[in-house]
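Next, two complexes with chain A in common: one pairs it with chain B, the other with chain C.
Let's turn to the complex of A and B:
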């Protein structure tokens, strides 16, 4: 991972700049961080139907040649590690030598992301959901979390611990939107219900901005300005019929990582206890809950003990979680901000660095299909 | 005075028409695969288990259990503002398929995952009846 770049983060609809300009700015920042000239980029990897396509970016950046232009299928943030997977695969397969994984979003320019479906007359799968008022991701995912919490007697304090950790970490991250706006357990408990079991602070922000990450072949790592950070593994997908319509997936109360996580550990050659710090995408805290369990960090029936603010805080918690503030409190950059933070933990320049972190994990887009996860490692892990 | 917006209405397709016709007659009708005996929902032209196209419509009891639910206190569209809080649910029928629905005739405090529920029919337009559920 050669370099990372972000723009200023804005509340949704408040970016003063066009979306493509934000994306370009993030890519240029990542180039500067990596000490790489923009013209060297020969591959583009994005996700969530990003509008800033590779050919347009390559022309604007003056790239000498475009060799790889790739979109990871699926909405939401399920591709925030998938874009890394595809970029790494392109390099490993010899398709490209310098690939940027990126995401840009300006919702004032293009309308709000993830809002309820348009109404009127509906057919297909929507004919069986929308007429009942079931229209948003929040509602669909709330029902998954509700069933998981029922099956394993999970208390709502588990969700609260996730939110508190994100907000606490944001207080030392100057880039975070919620920097200077701390969250207390009382403030969480008093916040309004959005859709049970989710209160306001269980739901991600909506933001404008862009983020970018540049990947080059591992042999170049020692020539780069930062301590080396390697992709140890990156996997994506979903279990049997994970995407079955109208809530008919056989394994329903799931964040869809059971098979993806197993392949990730096999690819990286590690086990959960080897992970020093975790970034886990919060669309809603209930997704983090199931994703942490499905990545083997605790058993489903241990959640009430394991999910505590003490365990999740950097630098010394058992599993420091979302150490930049994450989607809840840094910025909802569709997870790419979390991927950048996972890299910073290996380089040692996180705002909440975990001392001696050698292995960091990023989990993307729980409950959608496909989901993805990746693991980064320091020189010592090779 | 608030003007109630028209709620979104399903459009029956050639494949799903028997389901909607059944509801209009007060019957829950599901497809079952003649090849592998699997019950199928939502309506489709091939079995989601074995891909056979030998699917046949059958009337079923409309009884099942509450698989999961949520209480939405924030309507996602103005069309449902007057229904807040919305009791959104997934019901698992005795045949094993799940449908998305609303719970009716139930107090919020009495809703439990796993509770037994039965079908009830809400006519929302001359052509369309929605399948909702209430405690059995």
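Let's turn to the complex of A and C:
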């Protein structure tokens, strides 16, 4: 991982710049961080139907040659590790030598996610949900979390611990939107319901901004300005019929990582106890809950003990979680901010660095299909 | 159903229309006649929902719409408090249920749970279907709703 770049993060709709410009700015920032000239980029990897497609970016940046241009299928943040997976695969396969994984979002320009469509008619899958008032992402996923919490007697304190950790970490991250706006257990408990089992602070923000990450072949790591950070593994997909329509996925109460996580550990050659720090995409805390379980960090019936603010806080918690503030409190950049934070933990320049972190994991987009996750490692892990 | 109002949710939500390719058209037209039709594979007899052109089990294209008694159990639910659509701004809380149909290989349908929107919702409880007609809509349509039995 050669370099990372972000723009200023804005509240949704408040970016003074067009989405395309934000994406270009993040790519330039990542190039500067990597000490790489933008013309050197020969591959573009994005996800969630990003509107700033590789060919346009390559032309705008004057890239000498475009060798890889790739979109990871699926919506939400399911591709925030998948874009890394595809970029790394392109490099390993000799298709490209300098690939940028990126995401730009300006909702003032293009409309918000958390709103029902104001249209007269719906057809297809939406016809079977929207007329019942089920239309936003929170509403799409609440029933998965509800069933999981029912099956395993999960208490609300488990979800609260996730939100508290994100907000506490944001207080030492000057980039974070919620920097200076701490969350207390009382404030969480008093917050309004959005859709049970999610309260306001269980739901991610929506933001404007862009983020970019540059990958080059591992042999180049020593020539780069930052301590080396390697992709140890990156996998994506979903379990059996995870994408079945109208809430008919057979194994329903799931974040969809059961098979993806197993392949990730096999590829990286590690086990859950080797992971020093975790970034787990919070669309909703219920997704983090299931994703942590499905990545083997605790058993489903141990959740009420394991999910505590003490365990999740950097630098010394058992599993420091979302150490930049994550989607809840840093910025909702469709998860790429979490991927950048996972890299910063290996480089040692996180706002909440975990001392001696050698293995850092990022989990993307729980409950969508496909989901993805990846593991980064220091020189010592090779 | 909700006080004096004939429909569970306030008017103004998008109306369901059959898919342009016709995939779920029999489902919607049968609801008008107070009948629940779901897809069943004519080759391996497996029930399947949501609608697909092909049987995921045996890859037959012989998907037939067959009648199912609208009775099942609550598999999961959510109580929505924050409206995301203009039509629901004055709605107050409402309950969405995911209902599993044991007589059709446990396929699931989304609907609303009729009655007090603040009632406790027991996962696993038996429910039966109620046909909620939107006859004033153009074109008219019918939703399948649920109540505890």
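In the analysis below, the second predicted complex is superposed on the first by the 378 of 382 C-alpha atoms of A that agree within 3 Å, B and C clash if a C-alpha of one lies under 4 Å from a C-alpha of the other, contacts with A are read in each partner's own complex, and residues count from 1 in each chain.
Here is the rule we go by: a contact is a pair of C-beta atoms (placed from the backbone, for glycine too) under 8 Å apart; a residue touches a chain by one contact, two chains touch by 3 or more.
Predicted, not measured: the structure shown is a model, and the values here were computed from it.
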Give one word, clash or fit, describing how chain B and chain C relate on chain A after superposing. clash
Does the superposition put A:271 against chain B (first), chain C (second), both, or neither? neither
Between chain B (first) and chain C (second), which, if any, makes contact with A:146: first, second, both or neither? both
Looking at A:121 after the superposition, I want to know if it touches chain B, chain C, both of them or none. Which is it: first, second, both, neither? both
Partner chain in contact with A:253 - chain B first, chain C second, else both or neither: both
After superposition on the shared chain, which partner residues are touched by A:193: those of chain B (first), chain C (second), both, or neither? both
Considering only the touch criterion stated at the top, classify A:219 as touching first (chain B), second (chain C), both, or neither. neither
Residue by residue on chain A, keep only those touching chain B in one complex and chain C in the other, then list them. 115-116, 119-136, 138-139, 142-144, 146-147, 150, 192-197, 241, 244-248, 252-253
Within their complex, state which residues of chain B touch chain A. 7-13, 16, 41-42, 48, 67-77, 79-80, 83, 86, 88-90, 97-102, 113-114, 124, 128, 130, 132
Chain A residues touching chain C - in the complex, by the definition given at the top: 114-136, 138-139, 142-144, 146-147, 150, 192-197, 241, 244-248, 252-253
Which residues of chain C touch chain A once you look at their complex with the stated criterion? 9, 13-20, 24, 28, 49-52, 56, 75-82, 84-86, 88, 91, 93-94, 96, 98, 107-112, 123, 143
Partner chain B, residues of chain A touching it in the complex: 115-116, 119-136, 138-139, 142-144, 146-147, 150, 192-197, 241, 244-248, 252-253
